[in-house]
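In what comes next, subunit A is part of two complexes: it sits with subunit B in the first one and with subunit C in the second one.
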Partner chain A sequence: MTGWIGAALPRKEDRRMLLGRGRFVGDLTRPGLLHAAFVRSPHAHALVNKIDGTAASQAPGVERLFTAESLGCPYLLAMLERDEFVPTAMPILAGEKVRFVGEPVAVVIADDAYRAEDAAELVEVDWDPQPAVASMETATAAGAPRLHDHGNCLVDLLMFDDDRLPEIFAGAAVTVSATFSSARVAALPLEGRACLAEWDDRDDQLVMHVSTQVPHQVRSGVAQALGLPERSIRVIAPDVGGGFGLKCVVGREEVAVAAAALRLRRPVRWTEDRQENLTAAFHGHEQRYRVKAAFSQDGRILGLDAEIDCDTGAYSVFPFTCAVEPLMAATELPGVYKVPAYRARGRAIATNKAPAAPYRGVSRPQIVLVMERLMEKAAAALEIGPLQVRRANLIGKHEFPYTGVNKITYDEGSYRESLDLAEQIVTEKAWAADRDRLRSAGLRAGIGYACFSERTAYGTPTMSQRRMRMTPGYDTALVRMDPTGEVIVTTGTCGHGQGHETTFAQIVADRLGVHPGQVRLRQGDTDLASYGWGTWGSRSVVIGGGAAGRAADVVAGQLRKIAASQLEASPADIELAEGVARVRGDDHASIPIPELARLVHFQAHRLAEDLRYGLEARATFDPPGTFSNACHVAMVVVDPGTCAIRLRRYLVVEDCGVVINPMVVDGQVRGGVTQGAAAALLERVRFDPEGQPVSATLMDYLAPTAAEMCAVDIVHLQTPSQFSETGAKGMGEGGTIGAPAAVLGAINDALSDTDVRFDHIPVLPQDLSAALNQAGAVP
Partner chain B sequence: MKPAPFAYHRAHSVAEAVALLAELGEEAKILAGGLSLVPMMNFRLARPTALVDVSRIDGLSYLRADAADAAGLRIGALTTHRTVETSRDPAVLNGFGVLPRSARWIGHYPIRSRGTFGGSIAHADPASEWCLLAVLLAARIMLTGPDGQRTVPAADFFEGYYSTAAAPDEMITEIWFPEPAERAALTEFAPRQGDFAVVAAAVSVDVADGVCRSGRVVLGGVGPLPVEVNADPLSGQPATAATWQAMGEHAAGQIDPPDDAHGDAGFRRRLTATLVSRALAEASQPGDEVQA
Partner chain C sequence: MKDMHAISLKVNGREHELVVEARRTLADMLRHDLGYTGTHLGCEHGICGACTVVLDGAPVRACLVFGVQADGAEVRTVEGLADGEQLSDLQQAFSDHHALQCGFCTPGFLMLAEAYLAEDATQLTEARARELVAANLCRCTGYQGIIEAVLATARARRPGRKPADEP
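Right, the complex of A and B next:
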């Protein structure tokens, strides 16, 4: 190995992105391209009596209008093989009933995107509005209007139920009971959803360019919805401008555009606008936890009981289903703490809102917030330090592999070490003195901690426990060397801003002894790659990169054998480095790798039979999953006059095992912390009681900008994972997971002179103002 | 989020713009920087049948002192926020320094580079910095129409949310600030840097020998137009923090602000008390005068 792993290599992707030469769906042009505009419901809940498209069909430039009926009522069906699961088929276009504002009932195909939108306005729909369910409280009330025939509870899972809990609570020194909640958020990728579908007569295939995280699942979804063999669809994800989970599920619009292109045999494009993205795409993150925890006098947690409700919106998303949030939450709530007795019930509640998709972190932002708040509440009740309570419960270094009450086995991490180091840095940098100085100047200031781990890179051994009909997890890579010694890697993972072209090249380059510049990653194309599961769940570098590493090892073995035959040495003595194969310890016995590649391809007859035709290999990786961990510390300042809450300092001590590229890791951490801090301070998708969205623009849905952030200091610990080819652990979500709890802790610390404490996010200035007024606190 | 169909006309002079407006009727709109109008058109909340683009008209971008015998400042309608913000003209800084100082509250750099002073006044957002300052400094809005020019005092110009005294065939050509205000300040609260203010406070004070002789307070975000509140408690009081705080509380007690997603009435009252007090403290500091 020549040590490209760990190098802060500038991203290969950056040049084209910075020059504006990326290729996104919106950059594609086709002769005769048609444009789609959707007719969407203005009602949260209504029956559709009649759709009259006469005027729209006759509008200038209109090629065709499709409704559910004219498309043959296709739908997407996500399935969980569990009795407690209620399937909800999501129609591609709603035919009889709409279940949220923005749900599509028709699509206009026209020669121009403006004319398509003009014509969509002319479609007349006879609606029969029904009472709407805009919250979980309304949805679960007796006599509530039903979204689906079976009722509004789509999943109700009692995951753990320890019968010792009543006794434990009866004998505990302290019992903490609280309700925690988090608002609905939008993933808000810079590029909204987009797709272009076109029929290819030569390949007898529908070719779709889609802004997606999961090209193969889009192919499966379109194939299932339209009754086609998967071969007859090719999905290509070109450059994709972010996803954050919004694009790891299949959108009905993508299927509708595919159907239109199939019917019309013309290329059709749809580009989601920001209003559609905020109202009619997918949301997530709206959860409520009613929790009870028992603690001993010295701060050890003795028992934990949680009722978890997730607002899943109108439908299950394909392929993950509405169970993704409650299952994750109920399974992983104990987190980094040793919880001896546990009960957890998780429910998915349907409401008249856009469906919930997995959002960066999936329930971990909430469960970390819940556990950290429990530690702080116990500390307050027991009058001991909150870090002391955490230390009393953290899984220690010598306890790994640790199997928890939730039957999860945690691989080795640095749970205590990351907290110790974070506290040491906070002390060295005099955070407390800074806080006290601000306080004496009349401001409110506070410091909050969050300790957590996150399971990343879930393979099928873990995913199968969810019992999804489509169980994801593995991925396959193909590594080939061409006659000039350049390397092409294809994977089923699908980077959309994570820098995979760089990090995968680093992994493969080390194994083949070439420069990362000679390794080209081809991803996001279902015709190029073996069936794979795309990029989400912090899986790609571990699983896709692991598969690429394994395949590269096979190719490296082929190179060694060929080099050994030319250098009259044993393959075991051949090392590949700096572009040459050489006999270890003999500087004069070497052969350039491109020369080996040339031999294999152009002079195969000169090689022994078992060495011919090689230099390519396919490998699959399917790990159980590996736990990254971190400790976040946040400091906020509250302006008592305006109740403005500003981040002042932020520290991340994180451990994602072997760091492949520190610049990429730091970028992921900073972006994640920003998103997580915004969930605590700014972001909230709101609806009125009738289910009308009231945060449908970027003036109302507040995304963070650089001006709202402070510098984020990042320190790496490296505990390699035994479950990973490279020792790396997934790390795409950790920033988002830890930040809400750390920021909320800091806000509560800033309010420590009052009785006001918050157990929900976001905490907005107006909430703080009202709470301080109510508590009679001096501003 | 694409606008409904409309016709586009480019005017090359004020006379041509006014003639086009008269010809195209009430459903035509003036397009200047487009920062407010174009998003509303994209949401199809505004559906003008025609746009008259005035952005290429020469001679409407300026900050100009009155003639020697007067102390006022004239701002051309097409002057961008950024031009005001970066002005180092002593005629602006001496007496009207509150204008460049306040420009930094307007949106972000690209917005300030395109948005125009006249456009903000015409749009009449009740939280707009220029609308508040126009009222505070008793500016006069110069309108040009088919029958020539007329001026309207800012206090009479704003009639409600996004509604003004300008007729459909009139165009704002200049905003005249007749009197300097050495001691004036604007401050505001927005959830993020560059957002529309939840509450904005613009104030001016007349302080001599440590005593406040008089002052004015105009608030944004607390009603359908800039709201001037009674500022009598300032008169004759020492120029101290206690006086500014008392005025802040007095201002908060006079308003009946709206509830919306960014703040309920109670929050807006808290903000008003704080921001008025802070703006007064800032205004009472000696100005940054510049010698020519």
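Right, the complex of A and C next:
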């Protein structure tokens, strides 16, 4: 190994993006390209009596109008093999009934995007509006209108229970009870969803360019919905303008565009606009936790009881299902803390809103917020320090591997060490003095901590416990050296901003003894890569990168054998480094790796039979998962005039094991913190009581700008994973997971002169103003 | 009938003549009629700034300008920043400071910063840079790298400052 792992290598991805030569779906064109525009429901809940497309079909430029009926009523069905799960087929176009504002009922295909939108407005639909349920409260009330025949509870799982809990609560020094909640938010990638589908007669294939994180699952979804063999569909994810989970599920629009291209045998493109994205794509994180926790006098948690409700919107998403949030939450709630007795019930509640998808963090931002607030509440009740309570409960270094009450085994991390270091840095940098100075000046300022771990890179050993009909987890890489010694790697993971082209090249380059510049990653193409599971769940560098590392090891073995045959040495004595194969300890006995590549491809007859024919290997990696961890510290200050809460300082001490590229890791952390902090301070998808979305533009849905952020300082600890090829742990979501709890803690600390405390996010200026007024405090 | 207009404009120094529908946005015209697909559309209602281009010296949201309004104008897009295959100092700084991840919003930030720096690179403080960068949305980076890249370019462009002064 020559040590590319750990280098802050500039990203290979940057150049084309900076030159304006990125290739996003909306940038692609084709001769005779047609454009799709969807006709969407203005009602949250309605029966569809009749769709009249006569005027639309006759509008200028219109090629065809499709409805559910004319497409043959295709649907996407996400399945969980559990009795407690109620499947909800999501029609590609709704036929008889719509279940949220923005649900598509027809698609107009025209020669121009503007004309397609014009014609979509001419489609006349005879709606029969029904009473809608716009919240979990109304959805679960007696006599509530039903979205689906089986009622509005789509998943109800008692994941853990413990007979001892009543006794534990009865005997506890302190019992903390609270309800915590987080608002529905939008993932909001800057590029909306997009799709271009075209039929290829030569390959007998429907070729789809899709802005997706999961090309193979799009292929599976389209194949299942349209009844096609998978080989007859090729899905390509070109450059993808962010995903954050929104694009790790299959959109019905993608299937509709595929169906239209198939019917018309013409290329069809759809690019989602921002209003569609905010109303009719996918949301996430709308959850409520009713929690009771018992603590001992010295701050140890003795028992935990949680009722977890997740607002799943109108349908299960493909392939994850609506159980993804409640299952994650109920399974992982204890987090970094040693909880001896645990009961958790998780429900997914259907409402007349867009479906929930696994947005960055998936329930972990909420469960961390819950656990950190419990620690703070217990500390207040016991009148001991909140960090002391955390330390009384954190899993310690000597306790790993630690198997929790939730049956999860946590591999080694630095749970206490990251908190200790964070506190030390905060002390050294005089955060408390800064806070107290602000307070002396009459301002409210506060500091909040969050300790957490993040299970990353789940393979099928872990994913199978969810019992999804399509169980994700493994990935396969192909590593191939060409006759000039350059290396091509293909994977089923599918980067979209995470720098995989760079980091995977670093992993492979070390193993083959070449420069990362000679390693090219090809991803996002179902015809190029073996079946894989895309990029989500902080899985790619561990699973995709691990598979690439394994395949590279095989190719390295091939190179060593060939070099050994030429240098008359043992393969075990050959090392690959700096572009050459050399005999260890003999500077004169070496061959350039490109020379070996030429030999294999062009002079195969000169090699022994078992060394001939190609330098390539395929390998799969399917790990159980590995936990990264971090401690976040936030400081906020409240504007007394507006009650706006401003971030002032932010520190992350994180441990994702071996860092492949520190620049990339820091970028992921900062971006994640920004999303998580915004979830605590700004972001909220809102509906009126009838289910009408009222945050349909970026003037109403507030995404953070640079003005709302402060600098984020990052310090790394490195506890290598025993469950990954490189020692790396996944880390793509951690920033988003820790930030809401740290920011909420800082807000509550800022209010320590009052009795006001918040247990929900976001805390908006109007929330703070109202609460302070109610408490009789000066804002 | 479409309401069509014949217009001419310069994009990155190159003359274009075309016939464009009155309602067509400058962004769609640049992207789909003229092939400058480096300009991206993130919201189409003037908030995110991904479509920022420089129109007669000023940064504008190309989604809020009609193509016909650019008749006779000079437009600069991201494709015009580099010198051939050589990245400009600003582009290089974006890569050096990890100011981009997915890259979708990047052209908008580049053109925003380019327009500002062309006017005045001497006075750029960190607070002013943060305010400038707050004009646009990025969902990936958390902005820190973008602010650092713009500041580094401003420092390097200050009169009398040699590139060797840079750390």
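Keep in mind that, in the parts below, the second predicted complex is superposed on the first by the 778 of 779 C-alpha atoms of A that agree within 3 Å, B and C clash if a C-alpha of one lies under 4 Å from a C-alpha of the other, contacts with A are read in each partner's own complex, and residues count from 1 in each chain.
We adopt the following convention: contacts are C-beta pairs under 8 Å (C-beta built on N, C-alpha and C of every residue); 3 or more make two chains touch, one makes a residue touch a chain.
In this text the structure is predicted, and so the values were computed from the model without any measurement.
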{"item": "First, second, both or neither for A:Gly641, with subunit B first and subunit C second", "value": "first"}
{"item": "First (subunit B), second (subunit C), both or neither touched by A:Phe169", "value": "neither"}
{"item": "Contacts of A:Gln766 with subunit B and subunit C, given as first, second, both or neither", "value": "first"}
{"item": "Which superposed partner A:Trp127 touches (first subunit B, second subunit C, both, neither)", "value": "neither"}
{"item": "Which superposed partner A:Pro10 touches (first subunit B, second subunit C, both, neither)", "value": "second"}
{"item": "Broader residue contact with subunit A after superposition on the shared chain, subunit B or subunit C", "value": "C"}
{"item": "Which of subunit B and subunit C A:Tyr531 touches, first, second, both or neither", "value": "neither"}
{"item": "Partner chain in contact with A:Asp273 - subunit B first, subunit C second, else both or neither", "value": "both"}
{"item": "Subunit B versus subunit C as contact partner of A:Tyr114, first or second or both or neither", "value": "both"}
{"item": "Intersection of the subunit A residues that touch subunit B with those that touch subunit C", "value": "113-114, 273-274, 697, 699, 705, 707"}
{"item": "Residue numbers on subunit C that touch subunit A, as the complex places them", "value": "21, 23-24, 28, 31-32, 36-45, 47-48, 50, 77-79, 81-82, 87, 91, 94-96, 98, 100-107, 110, 130-131, 133-147"}
{"item": "Subunit C contact footprint on subunit A (complex, rising order)", "value": "10-11, 13-22, 24, 26-27, 29, 113-114, 188-192, 239-242, 244, 271, 273-274, 496-499, 663-664, 666-668, 670-675, 697-699, 703, 705-707, 709, 711-712"}
{"item": "Touching residues (chain side subunit A, partner subunit B) in the complex", "value": "113-114, 117-118, 121, 273-276, 641-644, 682, 686, 694-695, 697, 699-700, 702, 704-705, 707-708, 764-766, 769-770, 773, 779"}
{"item": "Parts of subunit B lying in touch with subunit A, wherever the complex brings them together", "value": "1-5, 43-44, 189, 191-196, 261-264, 266-267, 270-271, 273-275, 277-278"}
